[in-house]
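Structure in structure tokens, see below.
Labels for the chains are A, B, C, D and E, by order of writing; each one numbers its residues from 1.
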Amino acid sequence: MSQLLPPGFFTATVPLNAYLILSAILFAIGACGFLFRKNIITIYMCIELMLNAVNLSFVTFSYQFGKVDGQIYSFFVMVVAAAEAAVGLAIILTIFRNRGTLQIDEIDSLKN
Amino acid sequence: MDFILLSILKTAIAAPVLLGTLAYLVWIERKVLAHVQLRIGPSRVGPHGLLQPIADAIKLLTKEDFIPSYVNKFYYWLAPWLALMFAVTAISVIPIGPVVEVFGIKTNMGQADISIGLLLILGLTGMGVYGIALAGWSSNNKYSLLGGLRSSAQMIAYELPMAMAIVSPLLIVNTLNLREIVNAQAGYTFGILPNWNVLGGGLQIFSFIIYLICAFAETNRIPFDLPEAENELVSGYNTEYSSMKFAAFFMAEYCNIITACSVATTLFLGGWHPIIPNELGGQFIPTLVCVFFAGVLFYHALNPSRPSDRLSMGAIGAVILGLGLMFQVPGVKDLAQPLFWFASKAGFLIFFFIWVRGTVPRFRYDQLMRFAWLFLFPAALLNLLVTAFIVALKSN
Amino acid sequence: MLSEALLENETIAGLVAAHPTAVLGGVTQFDEITLTIEPGEIVATLAYLKYHQKFDRLSTVTAVDRYPLDPRFEIVYHLQSVGRNVRLRLRASVATEIASATIVYSGANWYEREVFDLFGVVFTGHPNLERIMMPDDWKGHPLRRDFPTHGFKYSYGEQQ
Amino acid sequence: MSETIVEHQESEAGTTRRMTLNMGPQHPSTHGVLRVVLELDGEFIQKARPEIGYLHTGIEKQCEALNWQQIITLTDRVDYLANLSNNLCYSLAVEKLLGLEIPPKAQWMRVLLAELTRIGSHLVWLGTHALDMGAMTMFFLTFREREELMKLFEMISGQRLMTSYIRIGGLALDPPRGWEKLVRAFLADFPSKIDEYETLLNNNPIWLRRTKGIGVISVESMLDVGITGPVIRAAGIPLDARKMTPYSSYEKFDFAVPTSTDNDVYARYAVRVAEMRESLKIVQQAMDGMPEGPTRADAHRLVLPEREKMKTQMEALIYHFKIVTEGIAVPEGEVFQVVESPRGELGYYVVSDGTAKPLRVHMRTPSFGNLQGLPRLIENRQIADAIAVMGSLDFVLGDCDR
Amino acid sequence: MDVILFTFFGLVAIVGAVSLVIQKHPISSALSLVSVMVALSVLFLLLGAEFIAAAQLVVYSGAIMVLFVFVIMLLNAGAERESRKAGLAQFLGLPLTAVLLVFASYVITQSMSNAKAVKFGAFTGGGPREVGWALFTQYLLPFEVTSILILVAIAGAVVLARKEID
């Protein structure tokens, strides 16, 4: 099998920058979604996407410096995201119960 | 390179075996349940219905794949395969035997041997809920939706005590690699009592019970089969499914049972280690068991209740006798004996699953939730604390 | 109009005293007392029997179609007093409609719907007077004597 | 189901979300073709509306077109799980109109058969009720015993379900030789089987959790709505026609009417299981004290002659011919006969205008009344409780729709 | 091997992220996000962060996203409606994010000139043991603070999600 493929096919490596740029791309897409979407749950998910992108760069830096600290940070990000999801979804639930909609431009007033 | 080839080879062996196991698990379930309920069970296709799984497979494959017009087609199609995919993948990290040498290649018995095997299983079984939730949502049926909702809530509720129950033995064995977990349970106290987490080494009987209860909930088995409670929700999330898609859900469920039982075996029941030390004759037990079953079958072949039994019982008996002798052949022995012990422990747990199904009624939804949060969770927490305390005392 | 023997019965005497115009007649057959009630006073009678004579159960409400007669329908109420272990049958002859007993006995609900469905007798004041046995778009009332047993030719497709 | 699955409903307080769920007419636990329209808030039932009529067979209408003795076969089909109770009730009503005296052996046989029917019906109930709660083994256990009863009915009448064994004026046939052995075997065997059911259910914490304190409404409400039978006995009212207005010489039997004051699903279960034991006692007494004699009334104008007589005596042949072709004329009058069916108060209101066909046969069936109380029992409860409550009411849709 | 895996899962992540943004129905968005998360967890594995990869599966896709899906199904949230646009974000959003992306890429390529090449298995300091050790020694205080945060979040969620007593 190894004769059929170019030499070094299985051993080629990826530059670390590629991971960082991937992280930046994901972050940018998340930011776009955050700006354009109207559904409050989708906006929430875009924030999660941005957090994930940041996680990726944390883990990549952890690789770069050969230390576990970056991973610890992304672990904390995860934990905070979990807490945030619990509270955020509860808020969404309450909003929906009171307003009957999830469109943010319909819930921009303080009163019904 | 070797690694990839070996993986492919192992998959080629494991996939048909897994499929066969799944199919015959259904047969065993039907048969055991039937005998619990004073019935005979499948008996028409082949001797004692032994060919029933094949007939079922053909039936399910050739049945019309009906797709209701009002479903969300993509997710409706995706859901069963998602469920099956995660269920099957989770099995891959379970070691069913020690590292063995076959044809000069040293390898572990099991698909993958990774350092975070247990976490991966937790993650993948947790992902399995997407299949069910999606099926419930995409079917556009109220019963399915309720089933999907129940399933998601149930999964979240029971994953927590389950993880806690798993962590307690981990404190003792001090690793997440499943093979190392099993190896940590090798040996015998006083030369006779096995060092299993559930008995010897850690005395993790409470973790074991909590894990087993959670496993019932995670695999949607009675008394926690609320997502598909046929008397309330018709058939829950798979009401609208037929043909192979239904079969995929079915197989996913049985896959999950196998995973849950295998994990219990690995974590608590010492994996492939025999119950009696090999020095005291543990290595002869597989053969003895096979000889016993072969004897029973030969007895029935000699006193047949149906004319066809004379042949079929005799043939199956001969096969089992042959298997029993295999356990003593030097080369095969190292491979077959761990397999026997692992399979019989997991098999006993699976039998327990079926037995419970034939015995108890089902919980109500809020009772199920209350049970998880108000009883199981604190119990698991307390168990974890006590275990941690003991471990800390020992290490000092 | 009531025989002496019937008037000796405390319940009936009480009823006659409370609602003199309600009871039109009475008869005892096979130890079962039947009172004929003025249709307009049926609710008052039932209320009196329930609250003053402890007839706490309404066993059934049904109708008998005496077709050629006019008024053709007899609405029949079977009451039971669990404590006193007595049963009583009330009968009211009506042509098309009668007041609903659901105010007094809410259990009359389905029985009256059934009579409405199968006989076409209208119960005024009924909370939910809809067909109960037959399909909602059914024409006619099957238990009437002039409704043939084999039914009219009827199918969902051909109805006008 | 093709419309959007969730309907929004604006309530006065604000926006609450409700889902309308159509339970039935084809649903595993509506026991036939009952349809309950549920308005759900999450898992809670806000409103329930039972819809019946899917099994309406027009039996009451058919009765008006058939001869008096032909109707027996229709009564079987009203409550197909308690067919002999229906046979008995109708026969008693017509016999009252005719003024027929039934020989003691026939009366005792009727009691025996009615009680066996009760046991059979309760067995079906217990099996399906437990099955609804997820305990499916129970179903097979109870049907094992029911099979013995079915064999007995088949032996006696040639039919398993629609026996039509109790006729106007007595029984259809003399019971065959050897049937006592079957009944005695059942009597000897069955008490241990009841113990078996109880060991499986009484100590099961899940069963207790699912049944205790579920489906409670006030006794007044039950009386008002028309609930009868074991359900109301489980609420503490000993409403039992066998004791209150004894028929077919029930007064000569010694039995208790089991009651309970808990008024929940578990109490109904307990009352029915106790009833099975009481029924066994009655069957035992009927077997021990079975009088000798004929099983049909001595009224040649009303009761079909014996086969042997018909073949040998001209007069008997003529009466047979007349009864079969013309039917029997029943004197004018009306009667409301009540018996205690396994499900509750079963009443036949029979009106005769003096001809060979009845003017009106109305069946006051227990399932109809019990089912009417369903909304009150399950509203503001969960779906799972609704299943338990529906099981505990033990309705038969044939009995309800007629 | 590294290249193949990185390219494949990187593409999956990007496609998933784009799909998350352009899908109209929240359920589709949620599932796209799940696919991003699964792809990322594989990338974490490639970077030697075994524990974080597993935690990503268990916590993110196994719990948080299940919660999202649960809520979406519970609310039966329909597809998003087109509505009036938020002016500024609509016109400046895309260009600004593009600028941000380009700038970030520039900074990365410039400042990370000494970056290592990623080789699977080269860094093994991300196992559960190492992460646990760091968590319970160096980062003990933040860890405890986070657990309190979670506790507060649970309490908040319970208070918020409880039905109004009326």
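We adopt the following convention: contacts are C-beta pairs under 8 Å (C-beta built on N, C-alpha and C of every residue); 3 or more make two chains touch, one makes a residue touch a chain.
The structure displayed is predicted, hence computed values, not measured ones.
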item: Two chains sharing the most contacts, counting C-beta pairs only; value: A-E
item: Nearest-to-centre chain - CA centroid comparison; value: B
item: Inter-centroid spacing, chain E versus chain D (mean Cα positions, whole Å); value: 62
item: CA centroid of chain C to CA centroid of chain D, Å; value: 24
item: For chain B paired with chain D, centre-to-centre distance based on mean C-alpha positions, whole Å; value: 45
item: Rounded Å distance, chain A centre to chain B centre (Cα mean); value: 35
item: Contacts with two or more other chains, residues of chain A listed in rising order; value: 10
item: Residues of chain D touching at least two other chains; value: 5
item: Shared-contact residues (touching 2 or more other chains) in chain B; value: 145
item: Footprint of chain B on chain D - complex, ascending; value: 1-2, 5, 19, 21-22, 27-29, 43, 130-137, 139-141, 144, 200, 204, 206-207, 209-210, 382-385, 387
item: Sites on chain E touched by chain B in the complex; value: 27, 31, 34, 38, 41, 50-51, 53-55, 57-58, 61-63, 66-67, 69-70, 73-74, 76, 127-128
item: Residue ranges of chain B touching chain E (in the complex, touch as defined); value: 75, 114-116, 119-120, 122-124, 126-127, 129-130, 133-134, 136-137, 145, 148-149, 152-153, 155-156, 159, 163, 176
item: Touching residues on chain D, where the partner in the complex is chain C; value: 52-53, 56, 58, 60-62, 64-65, 96-97, 220, 223-226, 237, 239, 244-245, 333-336, 338, 345, 347, 349, 351, 359-360, 362, 364, 368-369, 372, 401
item: Contact set on chain E toward chain A in their complex; value: 1-3, 6, 10, 13-14, 17-18, 20-21, 26, 29-30, 33, 36-37, 40, 43-44, 46-49, 51-52, 55-56, 59-60, 63-64, 67-68, 71-72, 74-75, 77, 80-81, 83-84, 86, 89-90, 93-94, 97-98, 100-101, 104-105, 108-109, 112, 115-119, 123, 125-126, 130-131, 134-135, 138-139, 142, 146, 149-150, 152-154, 156-158, 160-161
